[in-house]
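To keep things clear, I will list the structure first and then write my remarks on it.
Chain nomenclature is as follows: A, B, C and D, assigned in order of appearance, with residue numbering initiated at 1 for each chain independently.
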Amino acid sequence: MSQIALSDLNTASFDDFVAVLENVVEYSPWIAQEAAARRPFAGINQLHAALMTAIQSAAPDAQLALIRAHPDLANKAQRAAGLTAESTNEQNSAGLDRLSEAEYAAFERVNNAYREKFGFPYIVCVRRHTKDSVLRDFETRLRNIAKTETRRAIEEIGRIAALRLDQLVVADDRLKVHGRLSTHVLDNHIGKPAPGIAVELVELAALGENRVIARGVTNADGRTDQPLIGGRPLPIGRYELRFNVGRYYAERNVQLPDPPFLDEIPLRFAISEPEGHYHVPLLVTPWSYSTYRGS
Amino acid sequence: MSQIALSDLNTASFDDFVAVLENVVEYSPWIAQEAAARRPFAGINQLHAALMTAIQSAAPDAQLALIRAHPDLANKAQRAAGLTAESTNEQNSAGLDRLSEAEYAAFERVNNAYREKFGFPYIVCVRRHTKDSVLRDFETRLRNIAKTETRRAIEEIGRIAALRLDQLVVADDRLKVHGRLSTHVLDNHIGKPAPGIAVELVELAALGENRVIARGVTNADGRTDQPLIGGRPLPIGRYELRFNVGRYYAERNVQLPDPPFLDEIPLRFAISEPEGHYHVPLLVTPWSYSTYRGS
Amino acid sequence: MSQIALSDLNTASFDDFVAVLENVVEYSPWIAQEAAARRPFAGINQLHAALMTAIQSAAPDAQLALIRAHPDLANKAQRAAGLTAESTNEQNSAGLDRLSEAEYAAFERVNNAYREKFGFPYIVCVRRHTKDSVLRDFETRLRNIAKTETRRAIEEIGRIAALRLDQLVVADDRLKVHGRLSTHVLDNHIGKPAPGIAVELVELAALGENRVIARGVTNADGRTDQPLIGGRPLPIGRYELRFNVGRYYAERNVQLPDPPFLDEIPLRFAISEPEGHYHVPLLVTPWSYSTYRGS
Amino acid sequence: MSQIALSDLNTASFDDFVAVLENVVEYSPWIAQEAAARRPFAGINQLHAALMTAIQSAAPDAQLALIRAHPDLANKAQRAAGLTAESTNEQNSAGLDRLSEAEYAAFERVNNAYREKFGFPYIVCVRRHTKDSVLRDFETRLRNIAKTETRRAIEEIGRIAALRLDQLVVADDRLKVHGRLSTHVLDNHIGKPAPGIAVELVELAALGENRVIARGVTNADGRTDQPLIGGRPLPIGRYELRFNVGRYYAERNVQLPDPPFLDEIPLRFAISEPEGHYHVPLLVTPWSYSTYRGS
């Protein structure tokens, strides 16, 4: 996708400004129109705030129309009929394009229950979620009252807009929409970083199959060259990091029993803050290991 | 099974002595007969040594006959035809009575390859093994020369005999045939043992399904009342201990994110010494954990 | 000191009973006299409770007389004039017989301040304290009101009595008056307990010199044969455990830099529960270590 | 001290080049003269190599004269008579200007023994040492043969020259002459870095007093803003890092006993690689801590 500089947006014609931003909030160009009047923006955070102000100060029925303009999650019929490109990409990011029939059915059930209770579709910023956490969020929010859910829907629309803006507009400041998951392997047997260790990141699924979502090998400093997840929100969910330390020690001629006490080490943890930094290191010897949420 | 005192064996008639011990070594009463002459035995270790001396000082063709008297592992036809009660129990202990068709086929393949190469059946003390480790042992031993395998077969016969003796004979001393696997959960968040944590021990299988083989709950001292495995050899193999710490902290009103950073913690390790003591503790806070081979 | 069985006390004459127990509470035979009437006692805890009931149900001026019958702590003149043997031993246990002139002066200052404020001497069960913690306790209690201090003095008299009873009377039950400090060294470099490591326990002093109060060497299980402190209360205070791991690894031909990264490892901690169990283990490699309050 | 660009040295007159570099090696301008002929140098490492080549290819008696041109360490009379500014600064860096009479005597003894055995002064790059490690190095080297010590002296002259060059000459590349000591405090009680913790670095002395050589406070990321030692070699020696975690937890209203189990935590370790990176983190809860050599 091509990007545009904030400075260009600040000086663009009203029509051009609206054309660029109209899909930042789903099917609702009036929001960009309102924001256009508040130019110039000192930064992208200010631009985002202007869009949110437009929504929050709109009349209740305009807000409701906005919410209703959103598609259902994982709805086969709507997908067949065509979503915005943005919605399609977002839903795919959480694996909603890879659902089994049983999973489609589960989503349809909760979508219908939600619509029936509140009269509008369930909205969530799916880039911040895994399939599992979306279904848990559904259940939690189904217990809310309508007023709470209207507020929650607008919050999620704001998060979706922030991620779309972040991809679309280049400015001096950044929106805080990305997280980072990193690791580090320290070999306490020799007091040095452990290089050459294969690392896998697996997304654990209550529903369906676990899925390897990143692979890496530790470098000379015991870290992967790239974060395991970076440059995007960390999807809320449960994960397992797997480290192949058996091979590492075997290659270093450390005297080990057969089979070695430690071989593949799994570190299981959950992510709850999509914009947070999760550093999950492994301190290891052939006979011990530890981990912690680091920084 | 009824047990007999070593002192009674020492003073029993020759025939009674042989009758009691004849199945300690599969279908080979001559071994008990030789040992009978060396009575009295000061302890069960001495009795076991006498049986082994009888085997080791036998002529090569007697040794070969002894080895050939043993059944194949996991052989359907032989099981149907009937094994000794001892063999049946031992093979079942490693799950050889729960094999899938594919697994039976795998065992048949290696049994045949072994018989073809060496002219006698593969013998292993199965109580010291899991399905996985038996198959790995097969592969390793298939690469040996015949002389080595004759020696290895007699060693394994000695281990089988020791376990049978341990169940059959009561003496002041004990044979070193049992191992122990224990755990301990320390809550470093409050500096105390962690009670009430559900613990599962899973046998990991390369072949077939993982299997929960022990369950427990930590007591006031953070330990399970009974060892996770005790009073028998620890089967060589790969295991996972799983601790439900998410519930533990949730019940103690510790402030946790949703989902909690740590919930079910898996500790994955292997056992290579069936007669060893494996203490695998968990030191834990809501944000960190460590383990090590302890004592 | 010779001990007496509770059963003998239960059947002794009134005079003998009082004679045995009169010094359990300093210079106050009336307490033993009251308790004598409540015989027989099912256990030593019940006997102690009877003594405490006698004190707590006494008239205020009898309580005050009891409190005033106690000597000052670390008072040179009183020591010269002679204390009860019990008081002398107890004060010596906290090192109050080894005070420097400056320390005597410090104790005299707080004793006088306390007497002046409350009209009776400061009473503390010194076996549960170090010099440092007595002085800190003094300062805390000086800020109390008289009623609180009367109650606190009787509590401490109860603790003193419990320890004296524990030494004097043998029964089926035990008073909970002892603590235990233990350690354990696990060598995570080889996955085994670390034998042969010299361990020192040092009492850290804010006032005066640090003092080695126990020494040990780890056995084959990585523990000292005896607890570092046991069979008595753990004196409240600050401590350092010192482990000579440099020599341990050097003797095992582990490749180490010169000087080794770790040599003498100090673990510094405080004891606040004299009747508690403090297990302070060391998990160590040549490049890492950890400790925690264990059990 | 003013610095000069390598490019300027490359194009300077012969006399200017020699004038700038003549003190890089003590009292021996011939070395700079030889190196001058090899210009231009692509980098500072190449310049340093040229100086070392000049020394190593010199005749044995020129080498010996070079060695003999160096002053004794910690020699009162020589210091009174005046050393080069470089020597004075270097000797002071290791605290050789703060010696007690007993320490001066110890240095005099080993200096004399060394001179007597080898016929030249003991040379060491003192910036890489503490008082303690210099005396240990003395003892080790006194056991060498003369040939070894000639080589060792030239090595040390090379290290001294490298440090002097590093301060004097600016180039695109850097000599590897600096180390770094850093720390990091992770609060495993709350899963976050620990800010506001006072940290002291103490140099431990076998001889004389321990000395606080750096102080810091952890920032929002749990690190000190500056490394505890950086931009210079790490002096070989024994150290203790002290962390005031008692105050940290008390200020956060964590429920703690009185006195707290952990208050000031000492981490004791040694540095053996002056040009290395030592990262010595503290993972801590109110009831546990661990450290390791990190990266």
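Couple of notes before you dig in:
We take it that a residue touches a chain if its C-beta (ideal position, glycine included) is under 8 Å from a C-beta of that chain, and two chains touch if they have at least 3 such contacts.
This structure is a prediction, so every number in the text was calculated from the model and none was measured.
One of A-B, B-D or A-D repeats the interface of A-C: more than half of the contact pairs, counted by residue number, are shared by B-D. Here C-D and B-C are compared, and the pair linked by more C-beta contacts is C-D.
Taking the mean of the C-alpha atoms as each chain's centre, chain B and chain C sit 48 Å apart. Counting partner chains per residue, chain D has residues 188, 191, 261, 283, 287-288, 290, 292-293 touching two or more of them. Every residue of chain B that touches chain D in the complex is listed here, in rising order: 188-191, 261, 283, 285-288, 290. Interface of chain C with chain B (complex): residues 186, 188, 191-193, 221-222, 283, 290, 292-295. Contact residues of chain B toward chain A in the complex are 133, 136, 236-238, 257-266, 268-270, 272-273, 283, 287-293.
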